[in-house]
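Labels A, B, C, D and E are assigned to the chains in the order they are written; within every chain, residues are numbered from 1.
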Amino acid sequence: STAANSSKKGNSASGSTMKVGVNLELSGAAAGYGQQMKQGIQLAVSEINAKGGVKVDGKKYKISAVYRDNKSTTSGSASVSAQLANNDKVSAIVGPATTNDATAAIPNITKAAVAQVSPAATDPGYTIDKNGKVQPYAFRACFENNFQGGTAARFANNTLKAKKVAIIADNSTDYGTGLAKAFKKEFSGKVVSTQYFQEGDKDFNAILTSIKNKGFDAIYAPGYYSEIGLIVKQARQMGIKTPIVGSDGMADPKLAKIAGASNATDVYYTTPFSTLTAATDKTVKNFMSAFKKKFHTDAPTFSALAYDSMYMVAKAAEDGKSTNSADIAKAMAKIKNMKGATGTMTIDAKHNPQKSIAIEQMTDGKVVKAYSVK
Amino acid sequence: MHTMMQQLINGLSLGSIYALLALGYTMVYGVIKLINFAHGDIYMLGAFWGYYVLRYWHVNFWVALLSAMVVSAFAGMLIEFLAYRPLRHSPRITALITAIGVSYLLENGMSYLYGASPRNFPQVIKQENFHIAGLTVSNIQLLILVVAIVLMVALQLIIKKTKMGKAMRAVAVDPDAAQLMGINPNHVISFTFALGSALAGAAGVLIGLYYNTIDPLMGMTPGIKAFVAAVVGGIGSIPGASVGGFLIGILETATQAVGLSAYKDAAVYVVLIVILLVLPSGIFGKRTKEKV
Amino acid sequence: MSLLEVNHLTQQFGGLKAVSDVSLTIEDGELIALIGPNGAGKTTLFNMLTGVNVPTSGEIKMATDKGQVLINGKRTDQVAKLGMSRTFQNIRLFAELSVLDNIKIAMTSNTRENFVETMLRLPSFYKKESAIEDEARKLLTDFQLIRYARSTAGSLPYGLQRRVEIVRALATKPRLLFLDEPAAGMNPEETADLTAVISRIQKDYGVTVVLIEHDMSLVMNLAQRIYVLDHGSLIASGTPAEIKQNPAVVAAYLGGEAVAEG
Amino acid sequence: MLKVSNLFVNYGGIQAVRDVNFEVNAGEIVTLIGANGAGKSTILKTISGIMRPKSGLITYNDRAIQNDSAAAIVAAGISQVPEGRHIFAGMTVQENLEMGAFIHKGGTDMAGSFEEIFTQFPVLKERRNQDAATLSGGEQQMLAMARALMARPKLLLLDEPSMGLAPIYIQKVFNIIREINAHGTTVLLIEQNAKQALSIADRAYVLASGEIKMSGTGSELLASQQVQETYLGA
Amino acid sequence: MKFNLKANLIWLGIMVAGFVLIDAAEFTGMVNTFIENAMVTVGINIILATGLNLIIGFAGQFSLGHAGFMAIGAYATGIMTQNMATPLGFWLSVAVGVVIAIIAAIIIGVPTLRLRGDYLAIATMGAAEIIRVVINNLKITNGPAGIFNIPQFATWPVVYVIMCITTIMIANFIHSRAGRAVMSVREDEIAASAMGINTTKWKLAAFVFGAATAAIGGSLHASYLQTIAPGDFGIMNSISLLIIVVLGGTGSLTGTVVAAGVLGVIDTVLQNFGTLRMVIYALALILIMVFKPSGLLGRWELSFKRVGTSKKKEVVDQ
């Protein structure tokens, strides 16, 4: 069923290229993340095409990625998704990065029967519709908040033996608040203080000074590396020595640089993508070295997630033996044990990837240990 | 009490950056009544310049600071020349939109050229903490405070003691009449932009050193906050901008100190509105009631 | 009952008493001039009478249909609604609007249009609008301004702007009209035209007029009574003939030559 | 001293000044009279560099100045008292006067200038520290004139200096004009008060609809039937 | 003047023709989801920006808080239609949004409208930020995650009709006694009050009217996009609306409509430029402003009033 079938819903490849849309935050507030994701996608596309393309039902299709910028806005995302699905006739879409932008795209991709894989939409509700049913075309490559936040809570309880924690969460997206909420739900000790910051904040001295004497055993700080790095730095300089636990938004080589190597000690974060396992896992190792070669920097998590998102599209096309977007969506829901840069994943009934989660520990700015948590 | 003092120190060092930025806003606004939306982005340019010369030319910190001020001054003058001067006789709101355009251009242009993710600013001065009476102050916090105060005093002197200061006031009130006094408004306005932008450039380098990260969008939020600071202080007033900057810094710190961190920005605006309702021209603003 | 009764009115600016303890009365239908050297407090007095400034002390009472009303403490627009209108020493037209719109705006407080008829454009709306338009045009025609009905007010030559401002003040249907230096910047010919205009406002429209003016030809031709202010205080009042002879006025205001001229 | 040749000035599409020629010799008082909107103020603004001519030549001491900046023209010794006063609101009377002397280095002769100005305009001395915006209309007019004098100009351009002044002050202002002229300042005067202007003027030009219609000595024009009818209200 | 029947009929005709045209294009497939999306966005922007133009362009009050009122409408619809997913629920939510926005506008406007110019701008911007921060921290609004899966009642015909209605209402407001009063406040407050106009009242009237239409725009935005988040209603969004107003010409409703359309086209075209998108947009903005400082249309308005009636002999300049 490779031939374009006009009576069938969705888009199919024509000729020997399969178009994949990329709906990303390339400008605006989330541009930093969007641009990292774009690099991951570029790497995946060039790898796939270097091998001749995706093999669908015996025929090879090169992937042609159509990049469009949604300005980090919901309306921009809706418009971009409509353009990709209706005008560009893409077979699938990678993106958007944030939950808000990703949910805004759902009505349009659903109408056009085109699947979308968001590398970083973490809100549990993203893949679920109003009635609790799964959205047929919405997928993600990252953990959802409850899973990740819960894991961090259990880690704090069991491994760090923390009885009291302070939470400092990013309040400008659902990511920080969602993780904080999930953490609180699962954590069995006491949360002595919950403080929020905004994306782009640079000065955390006030928050840290105010919690300093609250007698906690650990800090849970869900957010992105650019702010958490500064929190780590300022906390350590202030003399707060307790462990700091964070989330995969921290898993970026820049974290240690921002915090300063000596400050980045006793820092933990949940991540699907452990640089330590890179030594043992071939897929991860390949990804890391290829990325470094192509972009001259260490691969950040967002690039890895986007890289995997693109591979999910390719895998779904191969598994479903079709370049038709509706078929790809169906096949994507059935992906099993796909090896990716962020682990081996299986898509569950709610379109969330099941993959093992690791917790990395940093000492002097280096990852020294990875705990695997169930 | 002790914590409060520590928070005050936190507020002052945050505030000194707002104050440096607010000065540029207040001067430009004071002279041509333009909310120079791109001012925060000049601060970003200054930070990037500092980053490059420190990282690739390995210059001394003070050289980086001074050269960033010079470069920012030129950038400010260039922007004024290209984007605002043609609109000198247009409605003010038009120039405001152009300023917004310039701001977008700088933010997105830099993001296009250098990527939007943050970079680490070279830590050329090693941070050391001083403990005085149980309070912790870092050498960098002190540096920022001192540089900010020195620059503010220098600025105040320039404006009070030189003819340029008088000329700026005259151009602000009535550019045509100022011309009749032998003042060239274009020179005055260029000078104003240069001065304000230099301060922003200095703030950029200091911020880079203090927080260690810079990115193309770093000017957006501080830019708006600094404008608010200038307004609170009474826009057009140099001491007002300084006081406003410190006030906002302390206020933000205070909101977080009492545990209302989620409402940090809202609290600033609540205070802003209250101040404006009591003092419709800000703290130091002169309320000139129009004589009819 | 006088139309306007002013008792012991004072305006203090810091250490300066711009108007000090001024009492005067204005009768219905009069044409009164207020003169005095520069800085005597004439404009300040106008500002207090029309609610622009709040007097430091004293009272202003105006006779209305509902009896005598205390004016001080009221906002400018409330005072205007009671029937006081004015022009300004520095012309204050709605510069970017047409002359016709300037007049129509002045008629706002004397007209009513409700929200529903405005939004739904009911016939009653059009009826009211055309009544307003007709009346405004009639006024403009009356004062030879109809040619400029659609001109932008700010683009007119100075003399015409003054005239439009006066007609605009008239359009509020005042009982009492204050004119602040209406002839300033006019040449003698234009001043003569203006004299005719003011006199018609008093006679044909039955409006009481109080004017500030430094042009003695106009003052002496028009005024029935004159009040003279110097350093914030009233130094004289009387008919033009009396004022011209008053030595205090000559010394403080007219100077030697002007007497002959008037 | 000043020579204006074939001057044309436009406001957008509107021709405000058409082919105007006149000259002012050193030491003279020359006046321009004409109805409202004749183009008098426009000519002054063009001379002082606030407006640019569409075409034509303005020479000052035999040097073309029509393309010079206003600042340069002031520095060359031409000062203007603009129509509508244009005092600096928000600045005190004293500061306004200081602005007038902006082109001078200040210092010793500043004090002298103030002394002189305050004897000419005693009201201003009283109001020295008052915000100029709150001055009465006439006080502002005097301030505008005093401010221009602070520059110690060689050529003084006056645009309706008597506007809004009480009769007693009008005489004073004309006396001052005579006086500074006697001390060597050349004056180009615009007045609605044509009678008095003509009586102190050495020479005068009559302007109508942007064109020069008549010229002659002050007394010639004062005596002219046509001028009397149109501009003197006789 | 008379009944202006002719002019009104022409306007009605244009609106109906527009509707039929879009409908036909949609029916024949010339308009796909993407173009429809762009058109609806333009329509909503017209609703939002005409209201803002009323405040800025006609009343002369520099408000930078329009996104705050938009947020109120959007969240009213987002929250209410979660529980009442019926057209009635939607319209009810629009009404509730409008009422809350009016109340908020009065609370914000009464004290702040005393401020002048840019002080007012900052105060209104602050007020809108306060609204946004509160929304960001409330439970009922679902915090920063926002609300999604909002049922779609605002289809393009709904948006089109509402756009026509709000535009007509604003135009009718402007061309009436109320509009003249509001414009006099813009021109000269002191002179206006000397003409018996209660300037505070009329400023507030324009501000409240603008806020109400912003709430309507917000409701439509929420229901059409089906997703809202606090981040959609920040300072930058108020600025985007301001840009539409100034680009079209402050004080020209026609200009606002044209600018919303032009910017809509620019915006969709620029999607193709990836990372360069905002760079080009910024350059375009600067160039348009430098070369067309009074906006695309200045204060010009499209008018059919004089169609058929002979021109009166009057001096019309500029």
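Heads up, the rule we're going with is that a residue touches a chain if its C-beta (ideal position, glycine included) is under 8 Å from a C-beta of that chain, and two chains touch if they have at least 3 such contacts.
No experiment lies behind these values; they were computed from the predicted model shown.
Trainee: Through how few touching steps can chain A be joined to chain C?
Mentor: The distance in steps between these two chains is 2.
Trainee: When you check each chain against chain D and chain E, which touch both of them?
Mentor: B, C
Trainee: Can you check how far apart chain A and chain B are, centre to centre, with Cα atoms defining each centre and the answer in Å?
Mentor: So the centroids are 36 Å from each other.
Trainee: Cα centroid separation between chain A and chain D, in whole Å?
Mentor: Averaging C-alpha atoms per chain gives centres 74 Å apart.
Trainee: Please report how many Å separate the Cα centroid of chain B from that of chain D, as a whole number.
Mentor: So the centre of chain B lies 42 Å away from the centre of chain D.
Trainee: Averaging only over C-alpha atoms, locate the centres of chain C and chain D and give their separation in whole Å.
Mentor: Taking the average C-alpha coordinate of chain C and of chain D, the gap between them is 30 Å.
Trainee: Would you mind listing the residues of chain D that make contact with two or more other chains?
Mentor: 134-135
Trainee: Of all the residues in chain B, which ones touch at least 2 other chains?
Mentor: 108, 111, 262, 265, 290, 292
Trainee: Among the residues of chain C, which ones contact at least 2 other chains?
Mentor: If we look for residues of chain C contacting two or more partner chains, we find 43, 52, 88-90, 92.
Trainee: Hey, which chains are touching each other here?
Mentor: A-B, A-E, B-C, B-D, B-E, C-D, C-E
Trainee: Looking at the complex, which residues from chain E come into contact with chain A?
Mentor: Residue positions touching the partner: 32-34, 36-38, 41, 82, 85, 136-137, 143-146, 148-149, 151-152, 221, 225-229, 231-232, 267-268, 270-275, 277-278.
Trainee: Across the complex, what residues on chain B touch chain C?
Mentor: 292
Trainee: What does chain E use to touch chain B in their complex?
Mentor: 56, 62, 111-112, 114-116, 118-119, 121-123, 125-127, 129-130, 133-134, 136-137, 190, 235, 239, 242-243, 246-247, 250, 275-279, 281-283, 285-286, 289-290, 293-295
Trainee: For the complex, give me every residue of chain D touching chain C.
Mentor: These residues of chain D touch chain C: 35-37, 84, 123, 127, 130, 134-139, 141-142, 160, 163-171, 192, 194, 230-234.
Trainee: Within their complex, state which residues of chain A touch chain E.
Mentor: So the residues of chain A touching chain E come out as 26-29, 31, 35, 67-71, 73-76, 78-80, 82-83, 85-87, 99-100, 103-104, 106-108, 111-112, 123, 125-126, 129-130, 171-174, 176-178.
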